Structure formats: structure tokens, C-alpha cells
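Each chain gets a letter, A, B, C and D, in the order it is written, and its residues are counted from 1.
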Amino acid sequence: MTTSATMPQAASFGGRLKRFMADRPLIPLVILLVILVMILQILRPGIVNERWIANTAKFAIPLAILAGCQTMTMLTGGIDLSVGTVATMSAFIMATQIVNQDPAVAFVLAMLPAVLIGLVNGVGVGVFRVHPLIMTLGTSLIGTGFLQVYQRTVIASGARIPDFLNWLGTGLTYGFPNALFLFVPVAVLIVFTLNRTGFGRLLYAVGDNERAARLSGVRYWQVITALYVISSLLAGITGLLYIGLIKAPSLSLAEPLVLPSVAAAVIGGTSIFGGRGGYMGTIIGALILTVLTTLLTILHMPEGGRRILFGFIVLFVTAAYLRIIEDR
Amino acid sequence: AGKYTIGISNTVQGNGWREEMICAMKAQALASGEVAKLNIAHRNTDAAGQLEDIRNLISAKVDAIVVNPADPAGIKSGLEEATKAGIVVVAVDQAVTEPSAYIISNNQEQYAYLGAKWLFQQMGGKGEVLYMRGAAGASADSDRDKGFKQALAEFPDVKVAQEVFTGWQQDQAKQQILSFLATGTPINGIWTSGIDNVIVDALVEQQAPMVPVVGADNAGFVGQLNTVKDLVGAAVTNPGSIGGAGVTLALQILDGKKPAQQTVLVEPQLWENATDEGKAKVKTAADPSLSPEWPVSISIPDWTTYTKDQIVACKGPGE
Amino acid sequence: MTRFLRNQGWVAGLLALLIFLFVVTRLIQPGYGSGDFGSLVRAVLPYAFAVAAQTVVVIAGGIDLSVAAMMALTSVTAASMMNGASEEYAFFVVPFVLAMGLVLGALNGLLIVVTRVPDIVVTLATLFVLQGAALLVLDAPGGAAAEWLKATVVGTMPIPGLPDWTDAWVPKALVLLVVCLFVVWLPLRRSRLGLSIYAIGSNELAAFRSGVPVARTRIFAYALSGLFAALGGLSLTISTGIGAPIPGPYLLASVAAVVLGGVALGGGKGGLLGPIIAVFVLRLVRTDLTLLAIDPNVTTIIEGAIMVAVVMFGAFITIRGRPAGATP
Amino acid sequence: MITNPLLDAMGVAKNYGAVAALRNASLSVLPGEVHALMGANGAGKSTLVKILTGAIRSDAGHVLIRGEARDVRSPAAARRAGLLPVYQEPALIPDLDVLSNLRLTGTPVEPFRAWVRELGIPNLDIRETARHIPLAVLRVLDLARALAVEPDVLLLDEMTAALPANLAEKVLEVVRRQGDSGRSVIFISHRFVEISALCDRATVLRDGVTVGVVDIEPGVEEKIVEMMLGARIEKTSVAAARMANETPAAKDSHPRLAVRNLQLGTKLHDVSFDLANGEVAGVVALEGQGQDELFAALAGSIRPAGGTIAVDGAPIKFSHPSDAIRAGIAYVPGDRTEALAMQRSVRENIALPFSAAPRKWGPIRVRRERMVVSSAIARLQIDTRAQGEVQRLSGGNQQKVTIARWIAADARTILCFDPTRGIDVGTKQEIYKLLRELAGLGKSVLFYTSELEEVQRVCDRVIVIFGGRVVDTFPVELADEPALMRAAYGLPRGAREDVGILADIRPASDTETAP
């Protein structure tokens, strides 16, 4: 009976390091990000400059906000695939309504479909218990259809990007992208909501064990409806920011961000099964994905090879990260 | 009202060019007065999905089918069945391999060749070019690649600094150009596969040195050619109104006026703003009232008869 | 009887819906006949294989986002191998491509098991990898298919002893579908391996504790999914005569049909028949919309709405039908 | 003659991060013996069973099976080695029917059926989906499935904890016969009655270390408890304590809870009773007599078909648990996995009800919450070493968290459904004491228990339910175990039959005319 258990104190340096990082899951993510940036700098010396950082931030921000929608919905075991359509809708409506309308009216009109889709998603998932994947996919199809019909009514009026959105999307203040004026409050709000408010706590609880939440007096549909409306609102705001950045309203504007937004949340350590995760990780996940896209853009290789590499890197990053944070 | 029912099949939805094409079809059908009803299958799908749509149109017993093929060869069997069922088949925008089909097409290879050649000349026959392609694996993209490579071969001193696929997505293209600009790699020209105005935007925003840019005749880009300071560029026409031409061709055949050839090619034009004469042309072409994604060449002389109001209204017969 | 209804009621309802749709179709287009039915089945073919591929992994408690990319890769592989080759060569190509699907699918499973990254993320990564590989095989649509292969889905199956008008309603494509799917699936479902697939989807821990080799079963489920996807890819090549490296709309369609077919996302429940009928329903709706010459933008709205409505209805009746006291 | 052990485990250790679930456990089981594995909640019993049967890997230690070193890496490998567990949680696949479950594990059907009948379930529908089968029956099926393959060593982890007395009795009988026929059984239970009736020897674990092996003989209980609890031992008669320092609560005009003619499908008929302020009312019933539904209805989880529920004299309709909670009624379910968000912290779990209503969705007042939560934790003496995630607590501590939640929320009426299921003697004492204290503070408790002896220790009054009806109500003074047993079987009070926990029961048909 000489075999004794390995005590925590006796753990090797590697073990201690792992424990240290496991308790602070953001650190390994940040390290991953730094490594990617370093690779980029080695491949293209000089690329990592002030301007590049600002550009990366500009593109990471819309992705990070949409990934925030995914983080919150994923905490409840859901997912919101309609964010792309919602963002596109508000962007498109804003750009076309601003031509003839007061900016405030245009803004309200732009956010209206976001609220509606969020409400329908919430009721479908929360009351009718439709699987979120299907529900949000369905509403996104419906939204796209409406947008196409709408588009035909405004072809003649043209489109314009409001100066304010322009400023927000592409402008810089002391070298910092103006989008940060929107993002920092949003991020702080999301982090605070998740960690320090009753609503945030309910998201985790509902995702972890819905019956337990119910027995504690939580009405599932209330939480879920509020959640999907919030998610849609965030997506709508992202759409406005994004149109300021891209400056070309199209019917598929934000669609390409949907899968990356899910990936960013997952890389950031949020469990798609619910109950586990946080927004800080998601932000870094969005940065990692944005840097990775740049990295692959500047690589001289056939498109096929690039995609293969992208797939493997996403898988590797997620796997490595999970390895580090699990078995705490 | 007219007497024919025309079926339409298209496999890309939500893209300005394709939307214009559909509107041109509707407007032309209305303007011709010969069409009773349009039966439009318009969605995002692949060649197999288009086969499904074509067969559904056959089931619906249309008189003619105007199709923008997802792939030249992939829908051969469906078109063959349509012809067998006595339906007139017209392919627009791209060619198809089915011999019984009539084709009225934009010349994609020529589109790329024309623009690239102009660009390389602007660059003085040497230097580095940023090659921003469309969607990897799309047949229009590979046709354009052929034209681009052909021009490249004529200018041995022009090198491709970077080749990227924009996927014909504005946001992707913008992120790519910004990343590229951040590397500080010097370039002397940019060729785009029609995702053009975001590129000019990026150059302006980043205060990067202006280089010649080739794009398509999208309203946004044509406007930029007129207004953006120091921008030298060329818009190569790639009219979405080819759809209207397809309807005209189909009606001609239904009326018994078969064209001499199976294939009609609409040759692209190049509008540049490097010369005074070119500037004037670009100025007249510009149309700020159109959505920036729509090509400004909203009609094709001899082929379309609708008015601008009609295509913008985007209403077919019976709507 | 009540148990039958509980287990098979959804499928029966779908079948009734399908029959209803056929009647509607005949009303819209009185000439709708066996030839048109043949067209329908040919349109169903790739979707059916895609949905079968998705169903297997969903039952096993996973999800496969790489289905469409796998179809694209196998399709371009088959098309490029058969390009310029002899007719007989196709006898080698078909098993080769199927084996390829099987192996790549198993690889998906292996990655999930080894990296312990959630299915949705692994298959998202392999989606990019397979897409990239497809682009490396063919950078633009092309290739060819053997004539005899194309003939396997054209025309009808003469059945000895049946009058011709019945034969006319048995398209070869249907026979191919039934043979490929149910010959694999039916015996499997009753076998221990098949039960294991249900078991790991239903409750992985309980399955593990019941002695089910969880990892091996999961790999097998993904391998089977790969096989079905390869069949889907082949069916694409066969029906179009080419291979296209850009994946078609099969991913979202497969997920939607799985849910419509009564297979719970989350695993453990349902079968293959429901999703296949759901595919027929969805395709027939498409046909009807085309026959009715509905505005194409509105069709998007209708398709989305049908999806949401049917699933909501399903959710509604399950909420209603839940026996009192089942969830204290 | 010295028999070699069938199963011999030595120096087994298992760490979960900083928590050492097992440090140095050993266990040696002889052929033909029923061997008890005992220990307080969190001592590591379940962990050891999981390691022996390959469900988890140990960090250290060896296992000999029939004298050979075997590395059992999976439950499947354990099966092949002749080791078959019935874990604390049911292992049937919820979405498969019973038959498929059998096929999945390669269990022969006929012997299984025979065992199921033997274990007291005469008419099992083998095509029923496991999800639709009640928990207690599932546990029995799990056991029958294990028995059907005739394992050399059967490992039963709190097999009887969730069972009503009638089924538990059958299980004990069968287990004992296993021992007789030369096979070994490792038996985990917190019930001394069972241990002494059944087992030959006992291995006692404390904090992950084997502290001793004893032969079961009369009077050994004291010793085992001492070993189990170490210094923690404390044995006061709660009942006595109750009598001493409690003044009965003043009689209000209205009872706290008045239930009248409650009706629920085929499960409840005309159930009426009162629950007074400061009272602990015990509910006694065999498995499946409607007590689950009664509690669920009072908790607002299911809507009754008829009848009224009045709180403090005001009739109230519940459509959701939150309605009941607003009326001050809290429900502690027997199955703790139903009540806890397993990946969340102890604190969040306890504070969960505070955030439930939309008007409480705003910022959390952290300091106030921490105070309330820590006082609840202290009150229940929850072991908070692994408080970051509730799933890492042992079963007993998890159960305490579910109760602590309502102490923190200051609920006036607590519905406790078998709260001591699978809890060690020390913790049980604490819970009894707690319930009495609550009553002393004027709160009302409705207490269902599957262990009849608890009734006398905790309750003021007993409500007996049989076949969905309240068949009797009597004061605790009359509630000795035989009386309760009789009542639970629906026999009228004063009948003569000797119905003890281990005695043969009469066929149910005899009792049907009774109420």
C-alpha cells in the first residue's frame, strides 16, 4: 500500500502552470492570440502596426458583438442563426430609409424588424419549445424573404450611408477606431449582465438545468423571450455599425458573419450545450478569428489550401484551449 | 395580355446583379406585351437544384424557359428534357453545353481580358497587381480567370502581388483589402471581379496611394469614378439587363423568328476615366439613383425595350 | 396503439401531409403525372442522402455541419475521376468514393472523440477542410459521369407482374434511394450497433455505463454519415454529370428536414423514415410554389414559415399531449 | 480453509483537481459474501464503485480479480471480468424501450423477466420506453438486468435509497440469496437495518481512506458509526429534544395550508388535509400512491384537475412553481439532479430564487446575497471545498444545497420529498434537527419519507396516503413503525397483522377492501 495519491502540492511545474491557466481561462486564449499575431509579423514583417491594429479591431468588433448574441443564447443551450439576417435587415433599411426620412425615424424603422424577429424567436423557443436552431433558421429565411420584397420597393430611391454611421464604422480618434465608443459600453454591459445581474444568472441556470430553474420559480419563456429580443437588438445595432464599415448595403451583408460568430463564442470557451462560458473569452475568440483571416489572406497558397488550413487551425485552437481549461 | 408563359430559373438570390437581371426579365416581359405570365424560380441553389426547378417548370408546361445556368454542363439533362417537351430554352449570362438551347451571354472571358489589359496598360506594362477574384469554384470566376491570365501573358512584366477570393462578398473584400494595405506591400493596380466600390472606399479611408482600379459597371463604382479624387479606373460592363435580352430572344423564337446562330454574345464595353472622352462617357453613364450594387447598364440596345421606370418598378405581367 | 401513436404519430402525420400535398398538386396541375413524380424523386435524391447523413449523427446526439461539404468533395472526386475515363472505370470509382466518404466521416468522428471538442465545432472546422479539399480537386465545376451511372436515375423500373401504369410510378431513382438507405439502415437499426447509436444519443453516461463503447459508436455514426453523404455526392454527380466544388444548400436543408421528420436535435429519438418523408414534403412544396408561379421572393418567406409553423405545431401537440404528472 | 478474495482492491486513489475523492481505499470481497461499503456522504463510496467497474480511471492503486491483476478500463471490460454494478443513477437508456435496453447490453430476456417478477413487479411491459417508467421501477429493472447475467460480483450503490419499503424488501431478499448461492455482493447503503440484516462484513471509508473492516454482528452499528464519522459523532434523540425545548406554535385561525378535495387524474382522489403553522406533517405512502403528484401539485408543477388549495385561508391557484413560491411554498424534490444547476456554484444555486421574477433581473446586491447565502451554508454545514460547481459535491451535500436554497429564501412552507434519500446518518441527524428548528420558527413542513423510522423523529402528525387517497391521519405518538407500515398498506389502524419491514407482506388484494 505504498502508492499514495498525487497531492496537489506535489504537482510538477507543468501541472501548476496548467492549473494556473485553467483558473484563468483567458490567459491561454490571449497567448494563442499573441502567437498568431507573432506568426503574422514573421510572415510579413512590419504588418503589425497601428493601422493594422485599428483595422483588425474594426472588423473584430461587429463579429464580437454578434458573437455576444451567440454567447448569451448558447448559455441557455440555444443558438441564434438569425443574427446575420437581422443585422442585414437593419443595415439595409437604415441605408434606404435615411434617404427620405428623419434619422431618428429611420433608426426606429431599422430596429423594428430586429425586435419583431427577436420576439418571434423568443416565443417560438420559449413558449412553443421549438429547437432554437430551427426557429432562428426559419425566421432568418422569413426575414430574408421580406427583405427581398422590401428591396424591390426601394430600388428607385437608392441608398445612402448616414455620416454618423460612417464615422462610427470607419473613423479613428487618436488612432483608435470610433467603433470602440459603441463596443466598449456594449461589452461592459454584456459582461456585467452575465456576471452581476439576476438576468445573467438565470441564463446560466436555465441553460444548465431548466427544471431546476423552474422549481426555483423561474418562468422559462420570460427569460428566453427577453434573451432573444436582446440578441436581436444587438444584432440590429451591429448591422448599423457594419454598414458604416462596409458602406455598401446588400442583401447578404452580414450573412458571412454568422458561422464565425458561433465559432468565436466556442473558441472563447462557451459551451454550446449551455450553462458554461463568458463574454470576455468570446471577445478574444473574435480577435483570434479576425487575425486568422488576415493571416490566411496574405499567405500565398491556393484557396483550397487556405480553407483547409483555416479549418485545422480553428479545430486545433479549440481543442488546445479545452485541453487547458478542463479537469480543473 | 400576351399568350406565352415563360419560365425563369436563377440560382443566386440577394445579389444586386442578379436582382437586376430578374427585374429586366420582368420588365421586358411586360414591355413586349406578348407574355401572359412569368413563372420564376429564383433562389440560392446549385446545379442539381436548378435541374429541379427546370423540371418543375416543365411540369408547369411553360412555353419557354430562360435560365441563368448554375453551371454550363450541369443542367444539360434538364434542358434536353425541356426541348423534348417542346419548350424553347434560352440561357443567359453564361453558355450551356446543351446544343438545343439558345444562348445569349455576357462574354466573361472578354470581360476580364478587357479590364485587365486596360489596367496593365495604365500601369505602364509593369508592376504589381492585386488580383481580387470572385467566388472560388464558380464557373464565371474561372472564365474570368482565363481572360485575366490571357492579358497577363501579354504583359510579362506585370506580376500578381496577391490573389484573393472575395467570394463576391462586400465585407470579405473590404477586410481583405484593408489587411493587404496594412502589410504595406506596394502595388500598382487593382483588378476586381465586380466587388469594386468597397475597394475604393478602403483606399480613401486608409489614405493609401491611389492606384488604378478596374471594376464592373455597378452604380456605386461608376459614381466613384466620377467623384473620387485621384481615382483612375475603368468599369467593364456586365449588364444584368441581359435577362431582358434573354426574354426577347425567347419571344422571337416562339414567334418563329429563329436567330441565325445558336449563340449570341454581348460584348462588354470598357468605360474609363483616364481620358477626357472617357470621363464624359462615365459621367453620362452614372446613375446615383440606382442602388449601388446594380449595374448602370440597365438596358441593352436592340435587345430590350422597357423603360428605366419599368425595370426599376420590377413588375412583370399581371403584377 | 397509443404507444404506436406516440412513437410513430409524427411520421404518420407527415405521410398524411405528403398525400394531401399530392392531391393539391393534382388540383393545381391536373396533368401532374408519373413523369413529374420521377422528376420529384430525382430532386429528392441528394437531399434524401444529405438528410440521412444528418439523421444518423443527430440520433447519436451530434450534428454534422460538414454534410454539404462532404457531398461537394465526393462529388468532385467522382466527377474528376470519371472525366475522360472509360465507362468501366466507374465501377471502380463508385466504391472508391463511397469508401472515401466512410473514411472521412470516420475521421470526423475520430476528431470529435480525440479532441473532445463539441461536434458542432469539429464539423464546422471539417466543413472548411473538406471545402478546401474540394477546391483542390476541382477549382471550378467540371468533370464527367459515366453514362450507365446517369442511367440509374433516369426512367422507371419495370417490375415483372405489375401493369405498366404502376411501373410508371416507380422511378429508378426511388428504387435507388430505397435500396441505398433502407438496406443499410433497417438491419442496422435493430442491431446492437444501431441501438448503441440511439443509446449514446439518448444518454451518453448511461450508455457508457451499460457497456456501450461510446467512442467507437460515435466514430461509426459519423462514418455512416460520411457514407450517406458520399452517396449524396455521387447522386449529385450522377444527376448533373459534373462535380461542383461549392457546396449546395444541403446543410441547412438537412437539419430542417431532420427536425421536421421528428428526430429530436439532442439525440436518441426518431428514425430515418420521417426525415425522408419530410424531404419529399419540402420538395413537393417547392414544386407547388413553382406550379403556382408564386413570386419568388415570397416563396422564401413561405418556405421559412412552413418550417417554423410545422415545428411549432409539433411542439404544440407535444406540450398538449404530455401526460399529466409526467414532470412533477 | 482460507478462501482467496474474489475481488481485492488496494491503495486506490482518485483526485478531482484539488478534491481528493479517494486517497487510500482498499476493499477485499470474499466469494459468497455480501459486503457492505459504508461511509458518510462524500466518503468516496460511489467513486470506488465507479473505479472498480471501469466507469472512471483511478490515479493510483491496483485491483486483483480472482487473484489476477486486472486493469478494468471500461464498464464493458468490467462485465467481462464478472463485475456488474448498479450505480446510484439509473443506467437504462431513457429513449429505448426495456427490450432494446436488454439487447444493448446483451442481457438474456427470460432470466431478466424472471428476476423482475421476483423483485416484485409482476406486470412489466417490456416494450415501454424507459423514460416513461418511474424511477423506483427503473432501479429495480437495473438490478434485474444485472442479475440476469449472473455476475460474480454485484455492486449495488444505494440500491434501496429511492425504493419504497415493499420493493426494498424484495431487493434485500434477492440480494441475500445471491450471497447464499456463492456470488458476492458489494452493498452500499446508509440504512443500518439493511446492513445488519444482510451483510457479512463491512468496509468503512472515511474521507477517501479505508478506516476498517468489521464483521457484522449485533451491536456493531455503534462502532461503524464511530469509524465513519471519526470525531463527528453526536447522537441525540431528536424526538426527545423536540419535546424538551419547543413550545407548540400558537393556533392560528387559519391553517398555513388547507388542501380540500384535491383531484388529479387517476392519481389523486379527494385529498384533503391541513398543515398548521409550526408543524411538521409526515406523509407516509408506498411507492406510487400519488405522493409524487400531491407534492408536485402543491409546488405548482402540475395543475390539479379539481379541488382547492388555500394558503393562510386564501384560496390560491397555482399555474407555475413561481406562484407557489410567491405564496411562500418551497419544494425540495427527492431527486437532487432535478433541483440543481450542476455546473454552477453553490452560491448561485442557493441564490437562484432571488432572481426569478422579472423585476429582480437587475443588478445583484452582492454583499447582501453573500451574507444570506453563507448563513444558509453555515446553518446546514455544507462542505464547500468543491463549491465552484455543485456537481463536484457528494450526493449528501448536494441535497443540503437544495434545502439551503429555501432556508435562504426564507420560505414559510417547505415541501420535503424524501430529503434524506441516500444521506449518511450524521447528515440525517442534521436535517431532522433543521426541520424541527424550522417548525420552531413557525414554519410548516410537509415531509414525505421512504424511511418509516424517520417519521417519529421528525413529525408532529402523520398523513397516510394509499391509492391516491388520504386513508388516515394520526398523531406521531401512535406512529411506531409497525403501525406506519400497516397504515401504508392501507390497513385500518388496530388490525392485528404483523407487518414488519422484513416480514412477508400479504397480497395486495387482501388490503383493497380496507379503506
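Just a few scattered comments:
Here is the rule we use: a contact is a pair of C-beta atoms (placed from the backbone, for glycine too) under 8 Å apart; a residue touches a chain by one contact, two chains touch by 3 or more.
The structure displayed is predicted, hence computed values, not measured ones.
Of all the chains, the one whose CA centre sits at the greatest distance from that of chain C is D.
In terms of C-beta pairs in contact, A-D outnumbers the other of A-D and C-D. Taking the mean of the C-alpha atoms as each chain's centre, chain C and chain D sit 45 Å apart. For this pair, chain A with chain B, the centres built from the Cα atoms lie 34 Å apart. We define each chain's centre as the mean of its Cα atoms; on that basis chain B and chain C are separated by 34 Å. Shared contact sites, meaning residues of chain A that touch two or more other chains, fall at 144, 148, 152, 211, 303-304. Residue positions 134-135, 139, 295, 297, 299-300, 327 of chain C each touch two or more of the other chains.
In chain D, the positions touching at least two other chains are 299, 301, 333. Pairs of chains meeting the touch criterion: A-B, A-C, A-D, B-C, C-D.
For chain A in complex with chain D, the residues that touch the partner chain are 1-8, 19, 192, 196-199, 201-202, 204-205, 208-209, 211-219, 222, 226, 275-276, 327-328. On the chain B side of its complex with chain A, the touching residues are 13-16, 19, 23, 136, 162, 164-165, 167, 169-172, 174-176, 178-185, 197-198, 201, 205-206, 220, 288-294, 312-314.
Of all the residues in chain C, the ones that touch chain D in their complex are 3, 192, 195-196, 198-199, 201-203, 205-213, 268-269, 324-328. Contacts from chain D toward chain C in the complex involve residues 55, 74-76, 78-79, 85, 87, 89-96, 100-101, 103-106, 127-128, 132, 264-265, 267, 292-293, 295-296, 299, 301-303, 305, 333.
For chain C in complex with chain A, the touching residues are 111, 115-118, 120-122, 124-137, 139, 252, 255-256, 259, 264-266, 295, 297-305, 307-308, 311-312, 315-316, 318-319, 327.
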